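Reading through the C-alpha cells given below for one structure.
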Amino acid sequence: MNDEHLSRLQAITEAALLAAGKPLSMDQLRELFNEDERPARQVMEHVLMMLEKACEGRGFELRKVASGYRLQVRAEFAPWVGRLFEEKPQRYSRALLETLALMAYRQPITRGEIEDIRGVTVSSNIIRTLLEREWVRVVGHRDVPGRPAMYATTRQFLDYFNLAGLDELPPLSEVRDLEAIGREIEQNIQGEISFEPAAAPEGEPANDTDQQDSDSDRTFH
Amino acid sequence: MNDEHLSRLQAITEAALLAAGKPLSMDQLRELFNEDERPARQVMEHVLMMLEKACEGRGFELRKVASGYRLQVRAEFAPWVGRLFEEKPQRYSRALLETLALMAYRQPITRGEIEDIRGVTVSSNIIRTLLEREWVRVVGHRDVPGRPAMYATTRQFLDYFNLAGLDELPPLSEVRDLEAIGREIEQNIQGEISFEPAAAPEGEPANDTDQQDSDSDRTFH
Amino acid sequence: MVEEAQIHEQAQLAAQEPLARVSGKPLVDLPKDLYIPPDALAVFLEAFEGPLDLLLYLIRRQNMNILEIDVSEITRQYMDYIGAVEAMRFELAAEYLVMAATLAEIKSRMLLPRQESDDEDEVDPRAELIRRLQQYERFKKAAEDIDTLPRMERDAFGASAALPKLPSSQPHPDVEMRELLLALQGVLRRADLFTSHHVEREKLSTRERMSHILSVLQADRFVSFESLFSIEEGRLGVVVTFLATLELVKEQLIEIVQAEVLGAIHVRARAVT
C-alpha cells in the first residue's frame, strides 16, 4: 500500500463524497470499489483521516455524522456562503425546539409526557413539522389507555445537527439532587410557618424589609 | 493584498462553489463580499487561478463553463462515482422470460412465430433488451414476406446459465412434469419464485431467491 | 408598537438569561419593576411557553434561585399575569389557572401551622412545583443548546460538485434457470403445445446446430456442404449437423444445390432476394 495508491483512494473518496452531496457510510464508500480492489476498512479509515487533513485551510471539511461521512462547507464561511441563498435559514420556535429537545433527550416519549414536562399543550403542527422534516419518527405506542405514539429522533436529525450520535448532544444541565432539596425544604419549613401573614396576601411587596430579614425566613433553600 | 488574505478569499470561493453545486459567475462570486471587502475582478481571477491549482491531485477540479465557474468531480473518477448512481436492477418481465425461453427451445425463431405461440405481441423493447444483453442474436432472415429476422441464443446465453450446450437444458417433457409444481408456485409470485424439482416437490418457496433479492438490493441511495 | 417590541425583546432577554449564579449572586441584575402596559401584554405573553416558563421568568425577575421561591410575591405577580392571559388567550388560560391554583395552595399551606405527624405520604406541593420547574428549565436550556448546534443550511452547507459524464450503468437483472423454465412452461400450457410434436421432437442440440449453421451461412454466397461438418466433433456431431441441415431444408431456411451429379454440394441461406 504505497503513498500514490493512498492518494488515489483519497481523491476517489473525495470525488464520491462531493458527487453524493450527502453522507456516505463506510460500507458505501468501500463498495465504490470492485471486490478485487476494495480497500480494507482500516485502510479506508486511514484514507478518511488523510482527507480530513487535506481539507485543512480549505473551504470545506470532512465531518463524521450519524449516517456516515460528509464533506461540508466550513461554518466559518457561512456568512459569505449564506448570501447565495435568498431565503434566510429557517428559525424554529422555542416550542418546537423544546419539544425536539424532549424527544432527543427523553426518547422514546409520548406527546402527553412532553406536555407534562413543558406544562403546556404541544400543538399538532409542531409534531407534524418534526415528522415532515424526518427529525423524529414514531417508534411505537405506549401500552397505556389510548396507546399514544412514542417519538424518537432519527439519523436525519443527527445529520442535520452535525452529530455522529445522541451521545454528542450537549449534556443536560444537572438537576440538584431532589433529596437534598427535600431536606432543605424540611429545614426551612419552620421559617415559612413563621412567615408574616400580613405581608403577603394583600399584595404589599414590602420587599425591602423582607430582604433585610434573613432570607431563610421566607424562602426555600 | 497578502498571501493570508488571498488564501482566505480562495477558501471562501471554494466554499461558495461547493455550497452552490452549480456554476457561479464572476459577479456572483464577487457579490458574496460586502462592498467594503469586495475583491477587484482581477484579484478574483487570481484567486480562481490559485483555486484551480489547489485542486490538482484532488477528486475535483475547477471548470470554466458558459455561466461561470464550477467545481466538478474529475472525469477520471467517473467509474467509481458512477456506482453511487447505479440503479437497482429491475426484474425481467414474464413476457421477456417467455420470449427468451422460446428463442432457446425453438431457435431459430422469428418474432412472429413467438407471437403465434404466446398469443400476444412481443414488444420491441424485449427483443432489444435480449439483443443488448447479448443473450440472443439474429442468425438469418426467414424467406417470407417482410423477411423477418430469426433469433437464436448465443454463447453468452450458455455461459450465463452455465450450460455447455443447449442440450443441457431440460427436455420439454421434463418441463411438462414440472407443471404441477409450477402451477401452485406460479399463483404466488410470477416468475420470482424458485423451485427445485428434486428438493422441493411441495412447492416450498426456496430461500435462495430471497437471498438474491436482498443481494441485489445492495445499491446506494 | 415600539414599546411592544421593546418589551418583547426584554422578555426574550430575560427568558434567555441563564440561571447561572455565582455564589448566590445573580450575574445579571433584572429590573424589579413588573409593570407592563396592558396593550403590550399580548406581545409579552407570546414570549412565554406556558405557566412554567412564566413562573421561571418571574422568579428570575425576582433575582431568586428556583429553590428560594418567594411564594407570596410570586403568586401575587402571577395572578396579575394570568388575569391578562385569561383575557387575551383564552385557550391558554386553563394551564395558567392550574398553576395559579397550585401557587395559591402552596401559599395557603404556608400560612397554616404545619402538623408534624400529618400524612407523611402526602406530596409536598412546593417540592412538586420545584421539581417541575427544575425539570422544565433543564429542557428549556437543552432546547437553547440544540438551537446553537452547528446546523445545516444555517451554519454549514453540504458540499457538492457537478458530476462528470458517468458511465451509464443500468445493471442487468439476474435470471435463474428455473425462472426461465417456469416461464416456458407457462407459455406452453397457454398455447396448449404439449400435444404438439413440433416443439418436442427435435433435440435441442439439433436446434442449436441449426442456429449455428444459419449464422455461418451468408445469404449471398454458397458454402460447400462439407464445410458445415467438423471431423473433431466425431460421429455424433456429424449426425447432429446432418439432422440440423435436414431440418433447415424442411423449414425452407436454406437451400442445397448440386450443380452436377456427384459434384460438390453447396448450401446457402434462402433469404436471398
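Residue numbering begins at 1 within each chain, and the chains themselves are lettered A, B and C in the order written.
Definition applied: contacts are C-beta pairs under 8 Å (C-beta built on N, C-alpha and C of every residue); 3 or more make two chains touch, one makes a residue touch a chain.
Predicted model only: the values in this text are computed from it and were never measured.
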Chain ID, smallest distance between chain and overall C-alpha centroids: C
Label of the chain whose CA centroid is most distant from the centroid of chain B: A
Between chain C and chain B, distance of the C-alpha-averaged centres to the nearest whole Å: 24
Between chain B and chain A, distance of the C-alpha-averaged centres to the nearest whole Å: 39
Between chain A and chain C, centroid-to-centroid distance (C-alpha), Å: 18
Residue list for chain B, restricted to those that touch at least two other chains: 15, 18-19, 21, 59-60, 71, 73-74, 77, 81, 83
Multi-chain contact residues (two or more partners), chain C: 157-161, 163
Residues of chain B that touch chain C when the two form their complex: 15, 18-19, 21-23, 59-60, 63, 70-75, 77-79, 81-83, 85-92, 94, 97-98, 100-102, 104-108, 117-119, 133, 137, 139-143, 147, 150, 152-153, 160-161, 165-167, 169-173, 175-176, 178-179, 182, 185-186, 191-196, 209, 212, 216, 219
Sites on chain A touched by chain B in the complex: 7, 10-21, 24, 28, 31-33, 54, 57-60, 71, 73-74, 77, 80-81, 83-84
Partner chain A, residues of chain C touching it in the complex: 32, 49-53, 64, 67-70, 72-73, 75-76, 92, 95, 99, 107, 110-114, 124, 126-127, 130-132, 134-147, 149-161, 163
Of chain C, residues touching chain B in the complex: 157-167, 169-191, 193-194, 199-200, 203-205, 207-208, 210-212, 214-215, 217, 219, 252-253, 269-273
